[in-house]
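The following pair of complexes shares a single chain, subunit A, combined with subunit B in the former and subunit C in the latter.
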Partner chain A sequence: MDTFLQVLASGLMLGALFAIVSIGLTLIFGIVKVVNFAHGEFLMIGMYLVYLITAKLGLHPLVTVVAVAPLLFLVGVATQRLIIQPLMSARDDHIQIFATVGLSTALINLALLIFGADIANTPPGGLRMPIQIGPARVLLGQVIILLASAALVIGLQLFLQRTQTGRAIRAVAQNRAAAQLMGINVNRIYMLAFGIGAACVGFAAAMVAPLYPTSPTIGTYFVLTAFVVVVLGGLGSIGGAFAGAMIIGLIDSFAGFYIGSDLREVAVFGVFLLILILKPSGLFSERLNLSHVSP
Partner chain B sequence: MLRLEGIHAGYGATTILHNVSLDVRAGEVVTIVGANGAGKTTTLRTIAGLIRPTAGRMTFEGQDITRLPAHEVVDLGITLIPEGRQLFADMTVHENLLMGAYRGEARAKQKDTLDNVLSLFPRVRERLNQSAGSLSGGEQQMVAIARGMMARPKLLMFDEPSLGLAPIVVQQVFDVIDAIVKTGATVLIVEQNVFHTLRAADRGYVLENGEIVLSDSADALLTNDHVRQAYLGI
Partner chain C sequence: MTDTTLDNTIPAPRTSSFPLKKAAALGALLLALLAAPIAIGDQFVAHIFITIFIFAGLSTAWNIVGGYAGQLSLGHAIFYGIGAYAGVMLMNIGISPWLGMFAGAAVSVVVAVAISYPCFRLRGPFFSLATIAFLEVFRVLALHFRELTGGATGLMIPLKFGWEWMVFRDRTPALLIAFGMLVLALAVAWWIRSHRLGFYLVATRERQSAAQAAGVNTVKVRLIAVSASAALTAFIGTFHAMYLTFIEPAAMFSLTMSIQIAMFALIGGLGTVVGPLVGALFLVPLSELARGWLGAQALGLHGFVYGVVLVLVVLFMPNGVIGILGRYFGSAVPERGTQSASVTAAPRAAERPPIGNDILVAEHLDKHFAGLHVTNDVSFSLKEGEVLGLIGPNGAGKTTVFNMLSGFLKPDSGSVRVRAEDGSWRAPLTPGDFAAIGVGRTFQVVQPFAAMTVEENIMVGAFHRHSDVNDAREAARETAFRMGLAPWLHAEAKGLTIGGLKRLEVARVMAMKPRILLLDEVMAGINQTDVRRAIDLMLFIRDSGVSIIAIEHVMQAVMSLSDRVVVLNSGQIIAEGKPQNVVRDPQVIEAYLGKEFTHAQA
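Showing the complex of A and B:
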């Protein structure tokens, strides 16, 4: 029984990690309708920033969030303004997706050029300290990720539901032309949404960096799972991404322990395929206008 | 108030409007009559800033609006109530109305405007907390009109407000438009029900294949042989 609870706790912690890196991805997709293949590299940039700030200034990694999240916001805004927006009128929507793939490759190689292929270890700042919750033992940093990801989901929902800017963002996501007729500057909303999505992953980086080694390709390690989580939860659904991340985390943890650690991905993707066959729109999909995402 | 001079506009390489000139004076109700595909919707979308003209000039209250993006046209006081309603289906009726008053002055007066607008639309008031997508077609059209009025426009443009509605609902929509006209609003309306619209309007333009072929007072158009034959079926 104790083992079961330990596996359960590990699964929830893993789920929270997947959630915190996936939320920004689903937000950008839901609003700008662009699948951002550079999302993992945004996380990588964030983790290097956390590493640099903690290593050079001796700050606690969690404190770096006040700088890293705004910096990633600017990265997101710049990506939308300089790469996505000029391609908005492209005849084929897939061109935007290819552009983000290109950005991803460019950023990985830029990081290799600057930091080399060696890993960079952010000082843990006490976050790798194990803590005992009943029979289960988890890391302090993992508990913080769980709380932070829940806070992020709730915070974003409140922002989108309760503020005029949040409502404008939803209006643009639902009907772009009508939003323009309301006087909403659609291009500015897209920049804002892309910025917020990137800031979310910057927020995640401050919590992930103390627990995981940073390297130029760290993004690709997380982003595949992030895509599974986002599709599972229903593209564009923030709450869905959180739930999807928890499901994937639990499957990963239980399959790793009870079936065999080298078969956990078989279990994760097996369940993923099964759910896609049974409910292709994802578990918690909100009604989304996917009209310009070609099948 | 609004003046179009020699406007050419279209989609991509296809030019739909050829040399369209028209004007709307303050307090007037003006209608554009034409067959499907004549360019009526394109005209309204061009004025609203959703389509940029390739030639010609548009002014509103003396200010050049030819190249203004849609959201800045709204700022000047021009609001288009689009064909097919185009509500934010997953948002509540109340949220839809708030979006109508998104910009500057309208946002500051949001509360007052909401009360005023809802007094015109008792049915909309009952539905405030429902999602807009769950309403019937007629109710959605009422919300679309109410949302347009939330912007406190100086010029209100209607694009086919009765399209796709049941006859009894069409009458309700016309009643609402008549009530808005009686408040002295300046209106530019495109509507398939030519007879009713010409009776409510002061002046009309006839648009055929993207060109204005006729313009006259509404009364004169109602007795014009060509209009009667082509659009009134008499």
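Showing the complex of A and C:
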């Protein structure tokens, strides 16, 4: 029983980690309608920034969030403005896939050029301290990730529901042309949305870096799971991503313990493929199709 | 051209001499590529050329799925890896890789069909994500089953040299085999592109529903494409494993490699025959030289260059190198005539055939969209040679009825029966069944295959009756001439005006030679001249013996064309009869103009 509770706790902690990494991805997809294959590399950039700031300036990793999140916001805005926006009217979405895949390849290799293939360990700042919750033992940093991801979900929901800008963002997400006719500057909203999505990853990086070693390919490790989470939760649904992340975290944790740690990914991707094929709109969203005219 | 009188009006076939020239140029390029490394005789140069051939071959195979069919697979290394493992594992038990590659290809085809079939309904990025996920699953499984694959330590091939083992001390035989693989891939890609299958694939990529309406079995054609692509990829995988002499899961089932394969095709020119070769020719030497010269000191440099080049290409030359070349040599953009130019009137048949018995019967069609009862017990029939007008206010359910009459929607209850040519009654279910039995339809929102020329658009319809490209082309030209589209045969469909597009929509379905034609608002939004022209066109179609159901709002057309009119309102038939009687029906007036109007009139 204790083992079960420990695996459960680990699964929830893992789920929180996946959630905090995935929220930005689902936000960008839901609004800009672009699957950002370079999302993992944004996380990688964020983690290197955290590493540099903590290692060079001796700050606590959690403090770096005030610098890293705004910097990532700028990275996101620049990506949208320079790469995605010129392609928004592209004939098909292949072009956008290639663009973000190219960006991802370039960023991974740029990190290789600058930092080499060795891993960089961010000083943990006490976040790797184990704490006992009932029979289960988790790390302090993991609990902070869980709380932070929940706060992020609630904060973003409030922002999107209650503020004028949030309403404009939702309007653009639902109907780009109509929003434009209502006087919303669509390109600005897209830049803002992409920036916020990237800033969420910066926020995540400050909490992930103390727990996980940073390397040029760390993004690929996270991004595939993030895609799984986002599809599971229903693309664009922030709450769905959180729930999806918890499910994937639990599957990963239980499969790793009961089936074998080298087959965890098979379980996770197996679930992903089942969802994609059986209910591509995700578990927590309804498909919106208003057009009966063109089947 | 069978009819010599048409030669004046129809532009000379552009394609008759062109492919020969193209083929000759491609042949010369290939020979030069083979001769160069042999002439230079350097081992490193030979290695670079072998790598070029291998990647060009892989990319060409990928392009059949990613380019022609538009299914952007980022998991093609699955098939490469299967080919490699099959070859090495069989060689370890003493079977020649020449046989092993067929085993690998067979497994790959099975895997490809099993993976693709459920994934085809995923569009764009989701298909890519699914292929990535499958690739990860294969890599993890290859790591897990150590007894079979050697796990992370990988597999070495036994050192047996000679042609029967595909392993050589010298580079030249490997060069020849790699070249042979590339030529095979190019030949298959060329064959597909220039035959019916290629047209069907591109049509499916551009507009799936329009392709289905034209009788294309969209699932089947894509499965064929995927199978061909997987088999070719597996062949090359087997050979490459022999060339590398060592394989391991991370290198064989690699996402980076899958991306590279796709990238060469994009940079060369997506969906073109030689594009992938051109892309590999540009980029492989670049990366191999960077690796050779800069090596460890510049870890990641070539990857960085790859990524940046990819982004720049996407931003500034989305049609790839081939697109740029095409623009400079002026072959890709044919000049456009003004579309209001005079159009030869369609010749009228001497006499209208008499109206016969029922040919299509709809019975008790019921359809709900969530809470909305879109059609409620709709029953009517169409007689042979008749023009039936289907009218009603917006939202009456007309297009939904059409979708049920052509297999795009399944009715909740009720049935559609069609009399086949042999006189028996059938109940077709899918769009393909309806097309096969001779029901053709147009779409209210025009659905041209945007990347194709007008001629090619019509050819997709013509392929329904003709399997040969030349026959289809001829049939398409004849149809284009009759529809007044002859001057724009070689213009891209996306350049037509709305009137032109509506005519193209009719031309494509007419090229299928349907017995029953469903026309969905072909006259909406076009000018008066075009309306008159369209009415003539419909009379001509009717007189050639086709039975027509037309949804139309243009009353001038409804009144002058329809033999009978069915009025639909809120999903129910409220009136049926001769057009002049129906328009006087108070219920119909009420449906269109409201109660007040009927009262005022009374």
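Keep this in mind: the second predicted complex is superposed on the first by the 280 of 295 C-alpha atoms of A that agree within 3 Å, B and C clash if a C-alpha of one lies under 4 Å from a C-alpha of the other, contacts with A are read in each partner's own complex, and residues count from 1 in each chain.
Heads up, the rule we're going with is that a contact is a pair of C-beta atoms (placed from the backbone, for glycine too) under 8 Å apart; a residue touches a chain by one contact, two chains touch by 3 or more.
Remember, it's a predicted structure, so these values are computed and weren't measured experimentally.
Student: After the superposition on A, what does A:179 contact: first (subunit B), second (subunit C), both or neither?
Tutor: Only subunit B is touched by A:179; subunit C is not.
Student: Once the shared chain is lined up, is A:170 touching subunit B (first), subunit C (second), both, or neither of them?
Tutor: It touches subunit B, and subunit C stays clear.
Student: Hey, is it subunit B or subunit C that touches more of subunit A?
Tutor: Ranking subunit B and subunit C by residues of subunit A touched puts C first.
Student: I'd like to know which partner A:263 touches here: subunit B for first, subunit C for second, both or neither.
Tutor: A:263 sits against subunit C, while subunit B stays out of touch.
Student: Check the residue A:135 against both partner chains and state whether it touches subunit B (first), subunit C (second), both, or neither.
Tutor: neither
Student: Determine, under the contact definition given at the top, whether A:155 touches first (subunit B), second (subunit C), both, or neither.
Tutor: A:155: touches no partner chain.
Student: Could you say whether A:108 touches subunit B, subunit C, both of them, or neither, answering first, second, both or neither?
Tutor: The answer is second: A:108 touches subunit C but not subunit B.
Student: In the superposed arrangement, which partner chain does A:126 touch: subunit B (first), subunit C (second), both, or neither?
Tutor: neither
Student: Of all the subunit A residues, which ones make contact with subunit B and with subunit C?
Tutor: In the superposed arrangement, which is not itself an observed complex, subunit A uses no residue for both subunit B and subunit C.
Student: Contact residues on subunit B for subunit A in the complex?
Tutor: Residues 48-50, 69-71, 74-75, 79-80, 82, 86-91, 95, 98-100, 102-103, 106-107, 133, 147, 151.
Student: Can you tell me which positions in subunit C touch subunit A when the two form their complex?
Tutor: So the residues of subunit C touching subunit A come out as 66, 70, 72, 74, 118-119, 121-126, 128-130, 132-134, 136-137, 140-141, 143-144, 209, 255-256, 259, 262-263, 266, 270, 298-304, 306-311, 314-315, 318, 369, 374, 399-400, 403, 408-409, 443-445, 447, 450-451.
Student: Would you mind writing out the residues of subunit A in touch with subunit B in their complex?
Tutor: Answer in residue numbers: 164, 167-168, 170-171, 174-175, 177-186, 286-287.
Student: Touching residues of subunit A toward subunit C in the complex: what are they?
Tutor: 35, 83, 86-87, 90-99, 101-113, 116-117, 216, 220, 224, 227-228, 231, 260, 262-263, 265-266, 269-270, 272-273, 276-277, 280, 292-295
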